[in-house]
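Some structures are shown below for you to check.
Look for chain A in each of the two complexes below; its partner is chain B in the first and chain C in the second.
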Partner chain A sequence: MTSAAPFPLNGAEPQSGHRTLWPGGLKWRQARAGYLFLIPLLAGLIVFRFYAFGYNVWLSFTKAGAFGPPRFIGLDNYRRLLSDSQLVVALYNTVKFALIAVPGVVIVSLLCALLMQYRFRGESVFRAIVFLPAVCLPTAIILVFGWLFQTQYGLVNAAIQAMGSSPVSWFGSEAGVTAVVSLIVVYLSFSVPAIILYAGMQDIPSDVYQAAMLDGAGPVHRFFSITLPLLTPSLFFVILTSTIGILKLFDTVYILLPPVDHSVSTNYGLTLVYYYYYLAFVDAGQRGYAAAVSLFLLILILGVSIVLLRLQRRFVHYGEDG
Partner chain B sequence: MLIQYRVQRWTYVAVSFVGLLILAPFAWMVSTALMTTAQTLQIPPNIIPSPATLDGTREVFNRLPFAILLYNTVAVSIGRVICTIIICSMAAYALAIIKVPGAKFILLVILALIMVPGDIFIIPSYSIITSMRLTDTLVALALPSLFDVFGVFLLYQFFRGVPKELIEAARIDGASHLRILATIVVPIARSGIISLAILTTLAEWKELLWPIVVNRSIDKMTLGPGLALLRGEYTTDWNVLMAAGVLAALPMVIIFLILQKRFIASFARSGLK
Partner chain C sequence: MFASRRHIMFGTAAMMLASLSGVDSAWSAGDVNLSLMIWDPAQKAGVQKAVDAFQAANPAIKVSLVQVPPDQYYTKLDASLGAGEGPDVMWQSSRASYYVQGAALEPLTSYIKKDNLSLDGYNRQIAGLYNIGGEQYGVPKDMDAWTFIYNASIFKKLGVETPKPDWAWEDMVRIAKELKAKQAPSDVPLYYNYSFNNGVASLVHALGGKVIDNNKSAMSAAAGTRALEMVKSLQDEGLILKVADSSDFNPVSSLISGKLAMGEIPSWNLSLLSKADLPAGTFQAVRMPSVNGSWTTDTNGLAYVMNANSKHKDEAWKLIKFLTSDEGAGLHAEGGAGLPANIARATLSAFVKANEKLGGLEQALSVTIDKSYLRTTTRYPKIITANSKINSAVMGPFYAGTVSASDTARKIDQALDEALR
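Let's look at the complex of A and B:
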C-alpha cells in the first residue's frame, strides 16, 4: 500500500482531524444524529453484554440460588472448579466431540463442495439437499437420529442384527453416545461450511489448474497440491467456526439425554454448556458456581480461538498480495 | 474453472450416494410419521408404513398445542427480524455513512463481541429478564438477541458500498437521515438486509437453550423446545414424535425451497469475516 493514496480508503476519516466539533456546527449535528442512531444498539449491548458480563463475574464469587440474594464467598467457586470431577467429565466430553466432529465436518463439507463444482443434471436438487439439514428444525433431526439408534426398535440395530451381529446399546455406553452425538453434530453442521468451501474453490484461478494439467498432474494430485493449499483460508474459517460451535454443544445432548432421566448415560453426553445449564436451572441453587463454569467455557473458547489464529499464520496460504 | 470438471458416470454415483445419505433420516422421519404406534414397534421394522395412517399426526394436536407453538415461533421470528434490522441498520448507518467520531473504536468493540459466544450470558440474561418481570413472555424469547453485533457488521459492509453522492444530494435536498436510510440506503443494500433477515429467522428457529431457560409454560414456547418437551413425556410413541417433527420442520423447508438462492447466498455471507 502506498502512503500517498489519492483517495482516503476510509472515506472521511482523515478529514475529521482538522474540522472542529463545536456544538451547533454542521459536523456536530451530523455526529449527534449518528449517536442517536447508535443508542438502541449500544443500550442493548450495555445491558445484555457488558452489564451481563460484569454480573456474571460477580456472581461467580457468590453463592447464589434461585431465591434470595447472592452471598459473597470469595474464591470458593474457583477452588471448587479445580477439584470438580463432573467438570472434568464435561470438559473431556466437549473436547472429545470437537476432536471427532470437526474433522468430520471438514471432510463431509469438502466432499459436498467438490461435488457442487460439477455441472451435472439435477445439481440444483443436490444443492437443495445439502442445505436441508441447515434449514430443518434441529430438534426434529436430533429426534429422528434418536429413533434411528433406538436400542430395541431402531432401524440401525435392526440392520446390525440382519447382518448377524448383536444389537448395540447406543445410549448405554460411552462409545455409543460419542458415535451418535458426533454423527448428529456433523449432520447438523456441514451445510454452511460446504458453501463456504465451494465459494473458496471458485476463487482459485483456473490457470493454476491448466498449468498443472499441462504438467500431467492427475485429479488426485491436483486436489492435494493445488485445491487444498489454496483453500486454506476458507478451511481455516470453517475449522474455527465449527470448533467454537461444538465447544458450545447443547441441543443434541440435551434432547438425546434429557436431565429428567438422572441416568449414568447423561454423563456420557455431558458437555460444558449442558453442565452449567444443569447447575443453574435444573439443580437450582448453584447459580454462582454455574457462572464460574460459564466463565471457564468462555476462557476455553477464547483460548482455542487464539491458538487457531496463531496456527493460521503458519499454515494458511494467502497468496502473494497478502 | 469449468474445463477440468467433466461430468463422468462416477460423478452421478457419488452425487446420488451422498444425496440419498443426507435424505435418509428425512425419509425415515416421514415414513415413521405415517405409521401407527404398533407399526413402529415391529421387529424387524417395516420401512414402508402399510397401511399409511395419519393417526400420529392427529395425536400431535392432542398432546401439543401445536398451533400455539407455530404461532409463537412465527410471531417471535417476525418481531425479532424487524427489531434486529431496525437496530442494526441504524447502527450501521451511523458507522458506515455518517461515520461518527469514534466509529472505528465502536467497530473494534463490535468485532471483539462477535468472538464472544452469546451462550455465556444465559445466567445473567435470565436475571435481567427476571428483574424486568418478563419471564414466560414472547418478548423474553427475542429481547437479548436483538442487539446483533454480527448483523451490524454485515450491514456495515453493505452500507459502505452505497455511493456517497446519492447521500450528499439527498442531504442538500433537506432529507433527514432517517429518510435517507429508509429510502436510499436500505433499497440499495437490499440483499444484505434480506440475508440478515434469513439468518436471524433461522437463528430463532434453532434456539433451544434460551427458551427452555426463560419460559416455563408450554403456551409461551417455540416449536423446537416444544418438541423437545414432547420427547420427555412420551418416549415410546415414535410415530407421534416423528409426525410432530415433520409438521414442525415443514414450514421452514418450504420457505427454503421457494427462496433457495437467497438462503444459499445468506449462508455464504455468514462466512464473511
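Let's look at the complex of A and C:
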C-alpha cells in the first residue's frame, strides 16, 4: 500500500531511493528550501513566544524581586492569588470593562457597517471617520480624551457647566472612570470590526433580500430575520476578538491613571494587565507574583474563549455548507 | 565570475570598515568611554554641565549622558544590568539594596578610603542610606526638601495675610479659610500632599510619632490616626481639592496659572516654578508649618553608584567623585533642579541662585534640611510594595468618608506589616 504525497509538486511522482521527509513526500532538497524560509519565523516564535512563556511559567514559582536571581518558592505565588484583594479589584474592573465595552463595540460597529451599505452624500467622509481610530495613534487618542474629561479645565465639564450643571469628577469616581474608559475603548476598537461586519454583509446573497421584500418584509424585519442571522459568523469573530482584546486592556487605563501618581483613583481603573505591569515593573518589582497574575489572566481568557466557542455552536449560523 | 563577486564583497567590507574608522578618528586610542544614566529630564542640563567640566579636566575620558524617562528607568536598568551590561555610572534610590543583593553594584568603600573621601561632606542620613552591610555603595547626589510655596500676587490681590517663616498648622488652616472665602469657587486655596508616603507619613513624623516602630507598623498609635484626621479635615473643609478629584490636578502648573494660592512643593519641582514666565518674587517660599510647636519633613536622596561589571572602574569612580564634589555638585545645582546632598554652603547657594526668582528660598531650605527625617519607604524599602495598595485601596475609601481614621490606620498597619515580613 502506498500513501499519496501530502503536497504533490506539479503532479510529479516522488522518485524512489531519494531521502524524503515522509514516505512519498517531498524530496529533502525540495523541503529544505521551505524550512529555510521558516527559520526566521520559527526563531522568533521560539525565542519570543515559547521560551518567554516557559520562562514566565517558571518565574511564577519563584520569588523574583526588582533585581537579582529568582528563588524557587513552589506554589506560594498561587496561594497568594487566592487572598489578594487587589487581584479581586483588577478582575472586577477587567470583567466590568469587557461587559460594557464589548457590546458597545458590537453595536457601534454594526451600526456603522449598516450605514456603509447605503449610498448617501458624504459617504466617503463617513467611511474615513469610521476608519480613523484604526489609523490614529492610540496614545494620542487616549491623551486627547483625557484632556477633554479633565475635571478642572476639560471641555466636557466646561460644556456641562455652561448648561448650568455642576462639573463631574470623571476620574474621581468609579462611575466616571468606567464611563470614560469604556467610551475610549469603544472608540479605539470599533473600526476594524465595522469593516469585518461590512464585508460579512456583502457575502449575504441579494436574492434572499429580494425574496423577503416580495413577501412584504420591511427593513427592520429584514435586518433581524436575514442580516443578523447570516452575519453571525462575522459577529462571533468580532465578539471573540474584542473580548480577548478588552480582557487585556492596559494602555487606556495606564495613560489616564499613570502609576507614578499612586492615585486614589487607580483602583477604579486597575485591570489585570495593569496590575501585572505594576507588580512587575513599578516600585520594588514582584516579578514572580506578577508572572502568576499573568497566568491567571491566561486561564481567564482561555475560559472565556471556550465558553464563547461552545456558544458558537448554538448561536452562529454558518449556512448550509457550514 | 565567482572570484570577482568575492572581491567586490571584500572591497565593500573594507570600505565600510574604513568609513567606521573615520568616524572613530575623533577619539584617540587611549580614550575611555563611560556611560552615565539618569532619569530626571529637569536635571539633565545640570548634570551635563558637571559632566562637561569633568571631561574638560579629564580629556581622555568621554562621558555619554543618557536620560531615560522616569517610568522606564528601572525596567531598562534591570534588563541591562541583568545581562551583565548597563551604564558604568547611574542614579540609584532606596531600591539600591535590591541591586546590592543581585551583585550589580560595585562596593565603593575601598575607593573612598584610597582617595580619603570624607562622607561628612554629605547629608549624613542620605550617605547612611547607601551603606549596606557595612559597605558604601553610593555617594549622595541630592536630597529632597519639601517647602511651602505661595503665589504672592494672589495674596496681594485678595488682601490675605501671607504665611510667616515661623507659621504653624493653625495659621495654615486660617489663611486657607480666608483665601477660600475670597477666591473664585473654582480656585483652590491650598495643596497639601494627601498621599500616604509623602503626606500623611511625613505629618506623623512632624507630630513626633513613628510610622514604623521596632520593625512593626505603628500607624494605629495616636500620631498616626491624628495625622490621617488632620489631612482629611483639610479636604472636608474644602481647603484642598477633594482627593477623589485630584488625580489630574497638578499643583505646580496650578500655582503658575494662579488657580492655586499656596502648596507644599518638593525641591525637585522648584525649578519648574522659577523658570515660569512670571515676574521674580511672584512665588515665595516658607518652611512647612509646625504642628504642636515642632515640625519636620520627610526626605529621600539619590546617589551615584557604579556598575559592578564596568570595564573602567577607576574612571567611573573618578566621575562619581567629581559629580558629587563641591565643584561637581555646585555645577549640577546651577541647573536649578535637584537640591545637592553635598552640604558645602556653596552648593546650596548655587541652587538658590539658580532659583532666585523664588523669594525666601534659602531660609526655607536651610531650616528644612536641618529638620529632615528619612522617608518611610526610603528607610524601609520593603514597604514600597505596600505603598500603592495603601494609596489606592485604603486611602481612597478613607478620603471618600466610608472608613474611619482608626480603621484606616489599622488597615495601613496590616498592609505594612505584611510587606515587612
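Simple rule for what comes next: the second predicted complex is superposed on the first by the 294 of 322 C-alpha atoms of A that agree within 3 Å, B and C clash if a C-alpha of one lies under 4 Å from a C-alpha of the other, contacts with A are read in each partner's own complex, and residues count from 1 in each chain.
The working rule: a residue touches a chain if its C-beta (ideal position, glycine included) is under 8 Å from a C-beta of that chain, and two chains touch if they have at least 3 such contacts.
Owing to the predicted nature of the structure, the values given are computational and were not obtained by experimental measurement.
In the superposition on chain A, A:R119 contacts chain B only, with no contact to chain C. In the superposition on chain A, contact of A:G285 is made with chain C only, not with chain B. Contact with neither chain B nor chain C is seen for A:I107 once the two complexes are overlaid on the shared chain. By the document's definition of touching, of the two partners only chain C reaches A:L270; chain B does not.
Residue contacts after overlaying the shared chain place A:A175 against neither chain B nor chain C. Touch criterion met: A:P258 reaches chain B and chain C at once. Looking at the shared chain after the overlay, A:A211 reaches neither chain B nor chain C. Of the two partner chains placed by the overlay, neither chain B nor chain C lies in contact with A:V307. In the superposition on chain A, A:L75 contacts neither chain B nor chain C. Comparing chain C and chain B on the residues of chain A they touch gives the larger count to B. Comparing which residues of chain A touch chain B with which touch chain C, the overlap comprises 146, 150, 152, 258, 260, 281. Across the interface of their complex, chain A is touched by residues 1-5, 7, 11-12, 14-15, 18-19, 22-23, 25-26, 28-29, 32, 40-45, 47, 86-88, 90-91, 93-95, 98-101, 103-104, 106, 113, 115-117, 119-128, 143-144, 146-147, 149, 152, 160, 164, 177, 202, 205-206, 208-209, 212-213, 223-225, 227-228, 231-232, 238, 241-242, 244-246, 248-249, 252-253, 255-257, 260, 263-264, 267-268, 270-271, 273 of chain B.
For chain A in complex with chain C, the touching residues are 65-69, 85-86, 89, 146, 150-152, 169, 171-173, 257-267, 270, 278, 281-286. Residue ranges of chain A in contact with chain B, taken from their complex: 10-13, 16, 21, 30-31, 33-35, 37-38, 40-42, 44-45, 47-49, 51-53, 55-56, 59, 111-112, 115, 117-120, 122, 124-141, 143-148, 150, 152-153, 155, 158, 161-162, 187, 191-192, 195-196, 199, 202, 204, 206, 209-210, 213, 219, 222, 234, 237-238, 241, 244, 248, 250-251, 254-255, 258, 260, 273, 276-277, 280-281, 287, 290-291, 294-295, 297-298, 301-302, 305.
Here chain C touches chain A in the complex through residues 70-71, 74-75, 78, 81-82, 95, 98-99, 101-104, 186, 195, 197, 242-249, 254, 259, 381-382, 384-385, 387-389, 391-393, 395-396, 399, going by the rule given at the top.
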